[in-house]
Amino acid sequence: MAKKVTIGIIGAGRIGKIHADNLLRLPQVQITAVSDLFAGPELIEWASERGIAKVTKDSSDIINDPSIDAIFICSSTDTHVPLIKEAAKAGKHVFCEKPLSMDIGRTEEAVQAAEEAGIKLQIGFNRRFDHNFKRVREHVLIGSVGTPHIVKITSRDPNPPHEDYIRVSGGIFMDMMIHDFDMARYLTGSEVTEVYAQGGVLIDPVFGKYGDVDTAIVTLRFENGALGVIDNSRQAAYGYDQRVEVFGSKGSVAAGNDHPNTTEVSSAEGVTRDKPLHFFLERYNEAYIDETRQFIACLADGQPLPVTGEDGVKAEMIALAAKLSHQLGRPIKLSEAAQLKREAEGMESHV
Amino acid sequence: MAKKVTIGIIGAGRIGKIHADNLLRLPQVQITAVSDLFAGPELIEWASERGIAKVTKDSSDIINDPSIDAIFICSSTDTHVPLIKEAAKAGKHVFCEKPLSMDIGRTEEAVQAAEEAGIKLQIGFNRRFDHNFKRVREHVLIGSVGTPHIVKITSRDPNPPHEDYIRVSGGIFMDMMIHDFDMARYLTGSEVTEVYAQGGVLIDPVFGKYGDVDTAIVTLRFENGALGVIDNSRQAAYGYDQRVEVFGSKGSVAAGNDHPNTTEVSSAEGVTRDKPLHFFLERYNEAYIDETRQFIACLADGQPLPVTGEDGVKAEMIALAAKLSHQLGRPIKLSEAAQLKREAEGMESHV
Amino acid sequence: MAKKVTIGIIGAGRIGKIHADNLLRLPQVQITAVSDLFAGPELIEWASERGIAKVTKDSSDIINDPSIDAIFICSSTDTHVPLIKEAAKAGKHVFCEKPLSMDIGRTEEAVQAAEEAGIKLQIGFNRRFDHNFKRVREHVLIGSVGTPHIVKITSRDPNPPHEDYIRVSGGIFMDMMIHDFDMARYLTGSEVTEVYAQGGVLIDPVFGKYGDVDTAIVTLRFENGALGVIDNSRQAAYGYDQRVEVFGSKGSVAAGNDHPNTTEVSSAEGVTRDKPLHFFLERYNEAYIDETRQFIACLADGQPLPVTGEDGVKAEMIALAAKLSHQLGRPIKLSEAAQLKREAEGMESHV
Amino acid sequence: MAKKVTIGIIGAGRIGKIHADNLLRLPQVQITAVSDLFAGPELIEWASERGIAKVTKDSSDIINDPSIDAIFICSSTDTHVPLIKEAAKAGKHVFCEKPLSMDIGRTEEAVQAAEEAGIKLQIGFNRRFDHNFKRVREHVLIGSVGTPHIVKITSRDPNPPHEDYIRVSGGIFMDMMIHDFDMARYLTGSEVTEVYAQGGVLIDPVFGKYGDVDTAIVTLRFENGALGVIDNSRQAAYGYDQRVEVFGSKGSVAAGNDHPNTTEVSSAEGVTRDKPLHFFLERYNEAYIDETRQFIACLADGQPLPVTGEDGVKAEMIALAAKLSHQLGRPIKLSEAAQLKREAEGMESHV
């Protein structure tokens, strides 16, 4: 068997624990340490059950541990950039949850630090690893739809997050639709050049309280001329709604939702099946497993990562443009980027 | 335009009127007469609205009308054989509803009379003209499924008929499943050699009162080695259920139900669509139109009919074998036919 | 039976002939005259086969015929407004194909003339009568989706029209997407207040030659706060693509395409079914029948029409706003209407 | 955490290894030993990677290991009965793959031995744990379909087994359809009282060489009056075909196949999706996990097992009846059981 890859986990919330368990399914992986600001008896027991020796409150204990090859950053967004820089300095590879930060300038610094240090940096755009969307991408690549003309992405959550989360989320474009911006780039293989964002507070006034919206439609223009549209809602009564379509010169390829079973009941009232899988843990379960598997495999064989820091920057740029579009009520070109960044910094400093 | 085909309708019940209206959509058809045992003012008005000049109680008035080219026999089953014989004698082409009779011997006499007289005789197996089943047959013919191995037919009515009908229907195999026996022959292009029938009175005891069943499963063996199964129910809560599947060496071709629309509602309770089209008038509307269109076209160009008297005999033979199988509790070979007929005659005379 | 409604047809192209044949299926309708600029022997034979007595090149012969109750205007778009005014003056009810004109001001004049004359004026937004979309509307009305938040409409043609048509079509927004603008109003029951249009020439440069696009995405904002998006393409390799979705507080209702049959082939290559119905004549066949049926019924019983002249004006306003949005590269508010009209007039006069 | 359950595995072929890996996902399970007639270096390495201490060729080493609580019997069918008896004597709980034996008499002895010893014995009818079929069963239990009238089960393999396997398989009814016989009992909750089996050699003559068939249709009659039908094929070009339907007085509940993704391509050729999951390892992956999870849970909390030895006997009885029906060409009542067994013994002794 190949040599072991030794991993440290920073941030032991829900997603950190999921990554840990998925990593432990890989025979070549060893997790030796986990850090969390609120580490306590519960985490110590959790770690012990999994044979993870070190539990600490201090992420530096992990980053500076010479036996560790790579770090999973699963802590809060504001810690991502400093931790990546620190890890880069220490020569550790990094898997980091999205977004890298709310500030393009700082995100770019982190990505640059990783590049300069020669470490590998993968961003947690897990949906690229979804069985349905991978198949759509394959069809686009092999030419099943010809030249892409229109991309449509639907992404709706079953329930809005708690107000505590809304307050610090960065807004629907940066927090939720950022996944779809990455998906748009992934499916078409083309860069977004312009966006126009429309939003509304239709579900809960609490979103408006923080200058956010709960429902949004964003249109995209791509470098290759294609057009795109994404719609987001924070609350779909029937569960998690995750669908995409790429339409092109030779036809269309579309992926629908996953359902818990194929069972249908036909009665005097109609024909009914169970609603889609409830939320991202159910829908993207295999995708989470696959993204860690590929990260580890790329570390082992030196192949390029499937999602790079650059991908993180690009998606954030689109999210920022969408946010500005919504605020200014006009389409925004991505080429206004330098200006965007400055405006954004100005805006951020007042929020 | 081609010369007109002049038609007389015998039997102006529901199906007779449907055939009449469908025929009137064809520019080359003229209906000049209609007969019904209970002809009265209502029928006279109906005929007048359609420009049908003659309304009579006596079918002979139609059969012996020298201006009439072809006759649609839509009267009760017991009249089919004598009317076909009479029409054959008069040299009129015939379209006759199924079954020709409840007695194979008499059915064969009618078919023979038609052949000897050189008239064309089409049987009303309308389902052969259904858009779904035609497409299945096309796929079988072009080899999409390779050599057929298994044929499955589901055929369920939304509601049981009235007791008055049950009493004289001839039983589920002759009255209802006969359509499926014809479908089995049509889809495979092979003859049935053996049947085994299972039945039960699960919906309404009234079926048992007349020695009939309301639920039945019949397995088939075909000349070419393929196997088949048909299931019938007199009552499907969700409407008319008409599905077929042909499975073979290269794959499978299956046709599902038609629905009134494609609309689906996704809610907290699940994903729901409207149930299938309610009954045969909705489902086979286009098929009824097409079977008359093809009958008229074959009269015009002298091409062979799409459903012949021989097809009527074959389906009745299978129905009779199924009925015997159910009564005797054992598989019945179609090659026991001569014997079957005699037994059947003995049986019929006691019913 | 109710008294006959006497109809004259102006314009005997494809759609005029379809309306005529659909009208002839209605027992209470009599078509007594048809006019066409290019009336000749072919049209005379067509009319004679249908018992239509008068064939003329002059539409005034029809409008001024005192025996005629209502007129179907199926001639070219530029004739719609003058013919409606003339018919209004003559007191004839009018069914007119969409759009009423390319000029909002003139369209409003026509609608006003109809109102002042007290004649009924129905616009040919046939898709409102489609079995799928009607069912979606019913679900919205009975509250199956709660308050609408997002409306999505996909509308793609199988093939682009001929250059001769493109040159005079008025552009994708006025010629093709106008149906979808009407659909958006119909499905939500709410007015559009703002649009943003994106377009591209991705299929054939000929569209660019006339300042038109062949692919477009338009986002909508509705009075009730809902958001919407429409995508159009002039060429879908797999046929006519006509789908809608209304998403709201309680769930979603969506209608997919109609297919010619339900037959599916499963083979070593995958599971395949036939592509959707090819184009509008196939898909909206029943809808065309139904819109004429309802028009006639409303004339008979004096009920309000299902699609009014006002609906025609509203859809044109949205189309105009979309066209301007595309030209100016910014969102356009419908409340800029007065200004829009003037700008539009200025623009039209230079085209 | 609950106390550990210590497991020994007998038979380390494909299914034995799958069960082992699934068991190792359960925190309360410890596998301490594995035996296989052909144990060698490969198995030792496999065991070592999983922390399984003991590897042996002798199953008695496992059965008589006092530290072991329960045994998974995954060796060849002929060893099942003696191993169950031995385990019963040693007081170990047993999970045993199906069928228990090819001989009802011996199967009953094993089940009786388990009962007398008070050990728990679960049979490997994994399909009961499939997400689709569980949902069908739930719907039957909550009355969604009312009283069951018709049960239909389709079960087709993607490829026929190797001749070596065919020779000793016990035939299609005992080897393959036995799963469907169990499914029929599970879905209806009713016992089978009569079967009629039809079979053919349509795929490969090698089946005929061993008196076996490769294609079969079996009809069932249930104690509660319901009817059933199962169709089996050893070769479906499109992959594993596993569908069920229960039709009853209030409607129908049906489960279709699982597909690897929901992606559909629409092109000029039609609409295509990927074929179903290839075979049982893919389709029943989660079901295998769930059956071991439930077995362990029942050991822990003393609850009744989800599949009992009695279930194994019942399914074998139906399989035997089907085999006899096919050989004798007539329906067979399950109440002919005593006689069946004797006949079967006579038959077995001559095969």
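In this document, chain identifiers A, B, C and D correspond to the written order of the chains, with residue numbering beginning at 1 in each.
Keep this in mind: contacts are C-beta pairs under 8 Å (C-beta built on N, C-alpha and C of every residue); 3 or more make two chains touch, one makes a residue touch a chain.
The chain list, named the UniProt way, goes like this: A, B, C, D = Myo-inositol 2-dehydrogenase/D-chiro-inositol 1-dehydrogenase.
This one's a predicted model, so the numbers in the text were calculated from it and none came from an experiment.
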item	value
Result of counting contacting C-beta pairs for A-D and C-D, higher pair	A-D
Chain located farthest away, centre of chain D as origin (C-alpha)	C
Approximate Å spacing (C-alpha centroids) for the pair chain C, chain D	59
Gap in Å, rounded to a whole number, between the CA centres of chain D and chain B	42
For chain A paired with chain D, centre-to-centre distance based on mean C-alpha positions, whole Å	41
Chain B: positions in contact with at least two other chains	236-238, 241, 250-252, 266-268, 274
Sites on chain B touched by chain C in the complex	1, 27, 49, 131-132, 134-136, 139, 144-145, 250-258, 260-268, 274
Touch list for chain D against partner chain C, complex	236-238, 241, 259, 266-276
Chain D to chain B touching residues, read off their complex	146-147, 149-150, 152, 154, 156, 196, 198-200, 202-203, 215-217, 219, 221, 225-229, 231, 233, 235-238, 241, 247, 249-252, 329-331
